[in-house]
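I've put the structures underneath this note.
Both complexes below contain chain A, partnered by chain B and then by chain C.
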Partner chain A sequence: MFAVETEKLTKRYGKTFALKNLDFTIDDNEIMVLLGPNGSGKTTLLLILATVLKATSGSAKVMGMDVSSQSTRVRKILGIAFQEARGFWRHKPADILRFHAKVCGVPKAEREERITNILKNLELWKGRNKLFMHLSGGQAKRQEVAKLFVQRPKFAIFDEPTSQVDLRGKRQIWEQILKLRDEGSTLLVATNEVREAEYLADRVTVLNSGTRVVCDTVRRLKDSIAGGDVVELELDATDIGGLLDTLGQIEGTVKIADAGSNKLKAHVSMAESWVPRMTELCYENKARILSVRVTEPSLDDVFLHFAGRGLSDES
Partner chain B sequence: MSELRVIFAIARSDFSYFFRTKWLMAVLLSLSLSDMLVVALVYKRIMSIDYFKYFVPASIIMGLFAASMDVGRRIWLALREGVIQYELSLPVSTKGLVAAYLIAGGAAALVYASALMAIAFLVLPAHAIWSAIVLLPFLFVLAIGLAGIAATLAAIASTHGEFFFAFQNIVQTLLLVLSTVYYPVNVIQAYLPQPLALAATYNPLSLASEALRNYTFDGLPVELGLLGNILLTSVFLAVIGAVSYYWALHRFQVKGKI
Partner chain C sequence: MRNVLRLVWFDLKTELRPPIWIIMEWSLFLVQVLIYGAMLSQLVEGIAEYRQFFAVGLVIMITFDLASHTGRHFVEHAHEGRLPYLLSLPVSRTKLFIAITLQGGAELTLMLAVPLTVTLFMLGNLTWISIVACIFTLFWLGFGVAGLMLGLSFIAFKSSDLYTAIVTGLSTIIIRFSTVLYPFFALPPQYASAAAFSPLTYGSDLVRYILGFDHRILLDPMYALVVLLALSASTLGLGVFLLQRLVEGVKSA
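For the complex of A and B:
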């Protein structure tokens, strides 16, 4: 059984489809990252799975429970950190976390310790008694994700967990997310930050215009782009032209060209298998390798490859 | 955690939010206290009737009304700030969430009105306290009913900016004009058509202020009939409010907005 499963899930706002016949699964205890540009349907999917919104048609199940007909049971095992921090102006971070922990059934004996640890870990300790309305954007965001780290739900949903957060804070949040996974939670993280996706994902689902474009591990997605890896070579050789023909015969070579000054640039499908073969051939042809530089495609390239546009392009 | 415990935890959080809003407390208290301690006492000296006994129950019911209606402001804020999305993800049914808000509205109003009553007891005989204690559960149900109305207004106004406050004023004017809170029923009968006068008589605010006047301030024996009428009319308001707010939340879940 999948931890999360949707079948032909559709959500329509008037005539606009936010999700269109989406089939999607998450395995137990994995981090699934939803990657897509603004308006691709990420947040709508999260809100349906969190029982906040109701689907127009199709079904969605969390741990085998239907999010529409068994919403109260689903709510008992999930937690969601929203894209925009949710809180009343006059509440304080520590109070918000206490309330959340209590309502979500965190044992009383553990509550204060968990809250203290998370507030300190996410550098919110000094601001714990500030009013919510006085928190900066980054602090409010940390406070939002802190709720889930205190709760430790079986199914945790994060909508752009590190937007507005500085680099140090991003790293702290990512570590906590990985820790949640290690403690047994299943996680769904929506983001349009490539670096975040690469750091966190066990698998990535690329969404575009409410439909699933592709779903796989980051490694396999990158490898699936023909010519996605770029290998730049610097050689101590005189017959660069002859070597070009030889290296061009290696399986997985999409394009190879002379880059001048005894340098070659090759676009290959899988650098991991291409580079060892290239080394052998250079040795056989008595060409000494001075340097090798491999650049793999980013998830933005993956998105561009599968969706036909970049992540940052507006729909 | 059981559903009931979650409902009470949410209700408690909302209840405390009412008392945290210091500017609102200052406004409400200054209005109520000036009515009770200035207007009523001054008028008592210049009128032939004991205006204090007539007007202070009105102030207390008005305080109950204003405090219970404030739940509408809090719901309106929850809708505007997106807190409602958070609450819909908590381990409680949507019906439970509606119940939590109405209970919080009722409880906050009851505490506020009780505080005003306590001030009035400074000049009332000791036996009045017992009559007031008998009335409290009925005032609580009335406050829940009013909170239901406020919740409905908030849901209707959620997409219309500050309209909530306009709606609240319209309802306040209607409910208070068509009531015997501030003037006796014969005045209403003299100036308004019979159906409106009848509505004013059975307005739960009229019933509550009459009960407070008769049993607490005049020391008359408690009649179950009047208490039953308060209960019935208040439950009616509460059911309308609860159903409307539940419907508003359902609509939000389907349309993504109210």
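For the complex of A and C:
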């Protein structure tokens, strides 16, 4: 059984489709990252799974429970950190966490310890008694995700968990998200930050215009782009032209060209197997390798490859 | 049920730290009754002790005002992002709706504590029975009005300006065309016909009946009670329906 499963899930606002016949699964105890540009349907999917929005058609199940007909039971095992931390302007961070922990059934004996630890880990301890409206954007975002780290739900949903947060804060939040997975939770993280996706994802689902473009591990997604890896070589050799033909015969070579000044640039698939073979052939042809630089495709390249446009492009 | 009480208390406690709005409401009531009410009492003929009649009318208006704010708060919560959070908590929709209205009821009780005590004192009727009976009646009136405003709040998801215009207009009509400030028998026929549709007519006459006003100037109390209970039940039902069907389906949520 999948931890989360949707079948032909559709959400329509008037004539606009936010989600269109989406089939999607998350395995138990994995971090699934939803990657897509603004308006791709990420937040809509999260809100439907969190039972905040109702789908127009199709079905969605969390731990085997239907989000529409068993919504109260679903909410007992999930938690969601929203994209924008808003709403409790006149409350203090510590009070908000305490309230959330109580309502979500965190045992009384553990409550205060968890709250204290998270406030300290996310550097909110000093501001714990400030009013929420006096927190900075980054602090408010930390406060939003802190709710889930205190709750530790079986299924945790994060919508852009580190937007507005500085680099140090991003690291702290990522560590807590990984810890949550290690403690047994299943996580769904929506983001349009490639670095965040690469750091966190067990698997990535790429969404575009409400439909699933592709879903796999980061490694396999990158490897699936033919010629996605770029190898730049600097050689000490006289017959570059001959070597160009020889290296072009290596399995996985998509394109190889003379880049001038004894340099070659190759677009290959699976650089990890291409580079050792290239080294052997250079040795056999008595060409000394002065430097090798391998660049693998980013998830933005993956998105561009599968969706035909970049993550940052407006639709 | 503990979660319902937690939801109610979480917001309510911020109103009490410090309780500025509550004290201002109390002060406003005292000024109105002691100064404006005393002056009006000199001008109005045909009702003995009009100041007492006026004081009860003010209590009813405060009830209406606060209950209608519940609907407005609901819409504000949706736009501020609090509603999606509340909808994601492990609380059923019905309990969440009850918590929202109970919170309105609790705020109402706090706001009315002094005005009601003063009114009962002026009437020489400051007993536990009259306090409980008044609170019960006002609570149902508030519940009904809050439900009505929540029912209208779905308009605000389309246009908050339209919602403000409708609620302001409706509030004006409901208060003016009612027996809040004038007894039913003194109203011109067209005015009385309109007042028969205002929930405040039934709320104010029932409270005045409980407080021992001359029953000849009031509507039948059983009739008033039935209307109030019917209003509460129907608007609450509508509110739960809207919460389940509309709020979960609109983009702004």
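To be clear about the criterion, the second predicted complex is superposed on the first by the 313 of 315 C-alpha atoms of A that agree within 3 Å, B and C clash if a C-alpha of one lies under 4 Å from a C-alpha of the other, contacts with A are read in each partner's own complex, and residues count from 1 in each chain.
Just so we're on the same page, contacts are C-beta pairs under 8 Å (C-beta built on N, C-alpha and C of every residue); 3 or more make two chains touch, one makes a residue touch a chain.
What you are looking at is a predicted structure, and each value in this text was computed from that prediction instead of being measured.
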item: Clash or fit (per the criteria above) of chain B with chain C on chain A; value: clash
item: Partner chain in contact with A:283 - chain B first, chain C second, else both or neither; value: neither
item: Chain B versus chain C as contact partner of A:47, first or second or both or neither; value: both
item: Which superposed partner A:90 touches (first chain B, second chain C, both, neither); value: both
item: Chain B versus chain C as contact partner of A:80, first or second or both or neither; value: both
item: Partner chain in contact with A:104 - chain B first, chain C second, else both or neither; value: both
item: Where chain A meets both chain C and chain B, residue numbers; value: 13, 47, 50-54, 71-72, 75-76, 78-80, 82, 84, 86-91, 99, 102-105
item: Parts of chain C lying in touch with chain A, wherever the complex brings them together; value: 3, 6-7, 10, 14, 77, 80-82, 84-85, 87-93, 245, 248-249, 251, 253
item: In the complex, chain A residues that touch chain B; value: 13, 47, 50-54, 71-72, 75-76, 78-80, 82, 84, 86-91, 99, 102-105
item: Residue numbers on chain A that touch chain C, as the complex places them; value: 13, 47, 50-54, 71-72, 75-76, 78-80, 82, 84-91, 95, 99, 102-105
item: Chain B residues within the chain A interface of the complex; value: 1, 3, 6, 9-10, 13, 17, 20-21, 77-78, 81-83, 85-86, 88-94, 96, 253-256
